[in-house]
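The structure under discussion is supplied below as structure tokens; questions concerning it will follow.
First chain written, first letter: the chains are A, B, C and D, and each begins at residue 1.
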Amino acid sequence: MPPSLADLTPTQARLLREQTIELPSWAFGNSGTRFKVFTTPGAPRDPFEKIDDAAQVHKYTGITPRVSLHIPWDSVDDFARLREHAAERGIELGTINSNVFQDDDYKFGSLTNSDEAVRRKAVDAHLRCIDVMDRTGSTTLKVWLGDGTNYPGQDSIAARQDRLADSLGRIYGALGEDQRLLLEYKFFEPAFYHTDVPDWGTALAHVSALGERAVVCLDTGHHAPGTNIEFIVVQLLRAGRLGAFDFNSRFYADDDLVVGAADPFQLFRIMHEIVSSGALEATSGVNFMLDQCHNLEQKIPGEILSALNVQEATAKALLVDRAALDAAQRSHDVIGANQVLMDAYSTDVRPLLRELRESQGLDPDPLAAFARSGYLARAEAERVGGAQASWGA
Amino acid sequence: MPPSLADLTPTQARLLREQTIELPSWAFGNSGTRFKVFTTPGAPRDPFEKIDDAAQVHKYTGITPRVSLHIPWDSVDDFARLREHAAERGIELGTINSNVFQDDDYKFGSLTNSDEAVRRKAVDAHLRCIDVMDRTGSTTLKVWLGDGTNYPGQDSIAARQDRLADSLGRIYGALGEDQRLLLEYKFFEPAFYHTDVPDWGTALAHVSALGERAVVCLDTGHHAPGTNIEFIVVQLLRAGRLGAFDFNSRFYADDDLVVGAADPFQLFRIMHEIVSSGALEATSGVNFMLDQCHNLEQKIPGEILSALNVQEATAKALLVDRAALDAAQRSHDVIGANQVLMDAYSTDVRPLLRELRESQGLDPDPLAAFARSGYLARAEAERVGGAQASWGA
Amino acid sequence: MPPSLADLTPTQARLLREQTIELPSWAFGNSGTRFKVFTTPGAPRDPFEKIDDAAQVHKYTGITPRVSLHIPWDSVDDFARLREHAAERGIELGTINSNVFQDDDYKFGSLTNSDEAVRRKAVDAHLRCIDVMDRTGSTTLKVWLGDGTNYPGQDSIAARQDRLADSLGRIYGALGEDQRLLLEYKFFEPAFYHTDVPDWGTALAHVSALGERAVVCLDTGHHAPGTNIEFIVVQLLRAGRLGAFDFNSRFYADDDLVVGAADPFQLFRIMHEIVSSGALEATSGVNFMLDQCHNLEQKIPGEILSALNVQEATAKALLVDRAALDAAQRSHDVIGANQVLMDAYSTDVRPLLRELRESQGLDPDPLAAFARSGYLARAEAERVGGAQASWGA
Amino acid sequence: MPPSLADLTPTQARLLREQTIELPSWAFGNSGTRFKVFTTPGAPRDPFEKIDDAAQVHKYTGITPRVSLHIPWDSVDDFARLREHAAERGIELGTINSNVFQDDDYKFGSLTNSDEAVRRKAVDAHLRCIDVMDRTGSTTLKVWLGDGTNYPGQDSIAARQDRLADSLGRIYGALGEDQRLLLEYKFFEPAFYHTDVPDWGTALAHVSALGERAVVCLDTGHHAPGTNIEFIVVQLLRAGRLGAFDFNSRFYADDDLVVGAADPFQLFRIMHEIVSSGALEATSGVNFMLDQCHNLEQKIPGEILSALNVQEATAKALLVDRAALDAAQRSHDVIGANQVLMDAYSTDVRPLLRELRESQGLDPDPLAAFARSGYLARAEAERVGGAQASWGA
């Protein structure tokens, strides 16, 4: 018999009920590859419609009450109105993501550029993000840079690090006391010889230099092949600097597939380390976000599925028999310890989660319920005229 | 003393003089990543201006007398006029590249699509390419597909292979007797779970089924990490099916950097296998093409440099002392054999190639000569109005 | 409710009951890395004791009735006696694996060596394997080579291919009419610059040249990072040349972990392609073998777990609703099609398999039953004196 | 004309003259893979003979005056005598490498083991290394661990980090004031699911916690595919924690090929960062060591070639026109900056280095001179009886 809600301890049940996953506004717009961005009927045309779509995900899953904004993609004249629009739909505005990679000026770098005028422009773009945070109530500024070089010799790797440190210092200094800076690393792309923040070590070095309110964002798709991501989770938690996840998945180089789609076992192992260290508690300061695009699949269902995949991995991680695991580990029972973990992973938690949703007044099957709702057909019919929002705008 | 022209055997000198490298028309337009396409002042606005730019590369290097076209990007009303325009500049129109990845209809596949109407449309696009070949005198149709899936289960891998085989058969059947089909494989992108032609084995299986005038295109950037590319060169030559190279380079996942920029030793090893097998002879049927874009660097200099890099690797490969190599190999002298190869690689062939160019009435230093010519400034001044050509159009 | 035996169709149930997995004799001896081979009390000391251990795996799982032998590691004076010893324990002798990588003569290659005397010795070693096959009743000769080079230039890649083709031809010619040759490829190791059979394309080229009774062995651990293995399964089935699997798993470079331990979803996807193509039928000619070592974990439990992992992946693959999958694929319902697959993967099939085992008179929990049996303690007590068998001997 | 000694600045010439590379004692013994260790006639049988062989490398290259020892492989009763033996041959005893991966007790970890007795044993092994340092005059203790796990769940990643930190602290506390601890990281192997010090970030975290005399060792073969190693060089220099290089090279997973053999351009880029930051100065505290084995090639020539490869890369790095590079970088001249670097790389520095050696009374061609010396034949004749030293003993 698969486990039911009644089989959970109060803490397990509470953690499942309290878990939240932040949605990216850009997941609802058109997206694609350098080869082609396919258009989707009914795609939102402005930040308000993106919020509407995000609210659908929350309506059916019950665990996605926040939306990340990307500035300037999601810039509006009146953020108070956007915040209110969101609140009316049960949504909070979350992390503010800066964008300093889509202006011709940033061709050779933003926060690392040797041209002081460009560097100042990039810093100013972040200061404007902090203004947005003040107006939206967001407490987190996420910095991901496209900075890097394509060719050996193109620029000085060392000098760029110094300029980066200086730029980040100026941004950090402008944060309010309740605001924090989240620095994201990425192994490659859009720069191909070197990126200026390629790995967790570099991100950690910079946030450590900045101060206590600077933390690292771990994007699950931003590592070299074969990297043990759960090990990095442990290291960043050990250093007290794991600020957030950007969840997604990939088979090879792209980092935009639905989280858990490529390697559900890896997602489970990551959540196992999170649960083991207590970082699932809302007070831990670790924010669970999605950072994905949906190039081929429908976007709202894509986000619903992503949230469900994280929730399933979390439920399985909570089911790990930690006492048995510890005992097997201490006796060096390799297969025994592995099987304690696999017992939880092999468990079908979908009945349990259906039960959880019903206990919260939700439909047990979010994808089916959304499909039945006719929302997509209405959006296609109503969202006529105007320019569709896309990943790049 | 570095070697001079006089040190070469007549065959070595002839092979260097006869070597040609085909340029891609799309290298001259704007290009970028899914994150941003940066604009470049003076970028060409139509196929005629692309030919003008390509002619500059040939003017200074003397080894790039052909240009590949991409259909429909390079579609013009009057291909005879384009051909004449090229001929006036010393340029021939080369390989025709089909494009069946930039239409909303191809979202779920082109030659592999389960929707017969879409599949017919994709086949027809290739038939139009054959029409273009008839008008341009091109003898090669290059087929690269963006086909594949992003998620396990999305489509049947096996059924797609069958549809691909059928579609290719229809295209192959429409080729003239002097025309050939070149099938290119790619490890990933724009599809991320599976691509329908991911490796040389798959490409070889399909071209073998088609017939004698179907061959494989090896793009140096389209392999898994760690793949020994020169081994594949040997295999395809052994099977008599190596039709062409698409040259470029990459450090990790992108395949668009200047050939030889990321790993010049690998390029040398590839050319060593080419020279060793006699495939450098113009009669071998192996076409040497560039397939690159220049996102950050200037485009004409980027192509000049690429041609020079291939030429340098070729010159070094020609310098390998094959008798000494064979002797060391047969006596299992590991270091000795390796050092025979490295002797050639360590040789500075730039003086030799400067001498070669001077003997052909060219400036010894193509990059400097082009920079002095003022061509870029004139292009910027003259190419005002109209839409710049870009990688994607 | 998880599915029970009664929920299966007769065909599904039959396929589960008929499935067999071949065990490698070498999994029961000591093994390790180039850094250290750890010793294990009770490890077998000769082929007879290896058979005893393998019989334990079959006794508890009911699905491992054959054992692969490695020659000369498993050479005995009297193979008839070994065969009888096995038969008494319900075990058949299966595939014969040649070993031409552990003799100083093979330092620079075996079937590819430029020294004709060494090459003849390597061919002869295979002829002796065929003799063993005649005596054991084995119908399959598996050829995996350590051949390759460590340094560019060390030997001629092309000449080695020619010598390999010639050597394989001589071996193939010596096979009886009911015997087949299975050629295994490996991306790297123990050669590090190039291996002579690195990929499925090379293996397919050679077996195609040999004749109808030559097929390819796919070892799941022998690919470049990011390779889509199930795609290769489809290709080899399409070519009619998939002869066998060597199952194991790996996170990065090693290929010796328990199958399914590193990426259980990948194993499921592979089995899904097997089931989809009908290759699970015993008549398909595809042999499912394990090729693993157990460096840290106990060996017999390691093999039991491996067999169970393959069985679980098979059961899940059988549960895929193929009609629903096909419908979703044809309507390009990306998420729908993916979810049909994931529904099967997310199902907990352990109760079903426990039921299956009980219906066969087996203990429902093989690992626990073996642990309770006291076999390991007895082996430790009885196997005193003599040299323990190890991976390398 | 290639550059000559007279073309160098006094500083460039001095840096070349002063450069030293430390040899590993284990490079002279037999080595291999988990598949086979091939035996070599004349291989040394004890640490004294290893020193003799190392002295040959120094005799012909003039730049390898130190030898690293591996304890217990190189344990002798009288280290004073070994030191004297070395001194008589112009060799100093260098870094002491601990070995806590070749004892059955360390099967589940050494400094990270949950069994306190094993952990104490591993710490004690390091204390004995410090004793050896006191007797040999070595100032550096290098710690590389085989610790890690093969299966998810096998042990607690986090608890192992805590135990590692504690163990390292005990070792660090026992160092003398003039001694330092060098912590090496490795991406994988011999553990395959996780290693306890997999990356530079982890190594940096630990040495930072230890104190000022703890630094990181960068082994060029210990990274994930696609990793930009020169970036890590810059980061570790920036943190003031780059203690040493272990040089070697690899194409895919092995890390034991001759440095510069797989990717000479990468070696040049690494040396370019070293030169750019001033870390080539002997006072920088960065030690350049080889960590290689020679499985197929002759061992003394393998070490000579390795030293020469590092020297060539260094000479090229010194030739980079730093003023021109800086100017091109500042003007964002991508191709220009890249070409400044490539100019140095394309230069043939072998004549310059021959000249340098002649100015030092050495033969201009070390490999040929060693081959002529007849040393290997004498060693084969004299080193009869006794057990050959091997990588693992």
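Definition applied: contacts are C-beta pairs under 8 Å (C-beta built on N, C-alpha and C of every residue); 3 or more make two chains touch, one makes a residue touch a chain.
The UniProt protein names, listed by chain, are A, B, C, D = L-rhamnose isomerase.
Just so we're clear, the structure is a prediction, and the values are computed from it rather than from any experiment.
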| item | value |
| --- | --- |
| Distance in touch steps, counted as few as possible, from chain A out to chain C | 1 |
| Option in B-D, C-D or A-D whose residue-number contact pairs overlap A-C by over half | B-D |
| Equivalent-chain rotation between chain D and chain A, CA atoms, steps of 5 degrees | 180 |
| Mean-CA-position distance for chain B and chain A (Å) | 38 |
| Multi-chain contact sites of chain D, meaning residues that touch two or more partners | 107-108, 150-152, 154, 187-188, 193, 225-226, 228, 251-253, 261, 265, 296-297, 334-335, 338-339 |
| Chain B residues within the chain D interface of the complex | 1-2, 225-226, 228, 251-253, 261, 263-265, 296-298, 301-302, 305, 312, 334-335, 338-339, 345-348, 350, 367 |
| Chain B-facing residues of chain C, complex | 107-108, 114-115, 150-158, 161, 187-188, 193-194, 198-202, 204-205, 223-228, 230-232, 234-235, 237-239, 265, 269, 273, 276-277, 325-326, 328-330, 332, 334-335, 337-342 |
| Of all residues in chain A, those that touch chain B in their complex | 32-36, 38-39, 101-102, 104, 106-108, 146, 149-152, 154, 187-190, 192-193, 225, 250-254, 256-258, 261-262, 295-297, 391-392 |
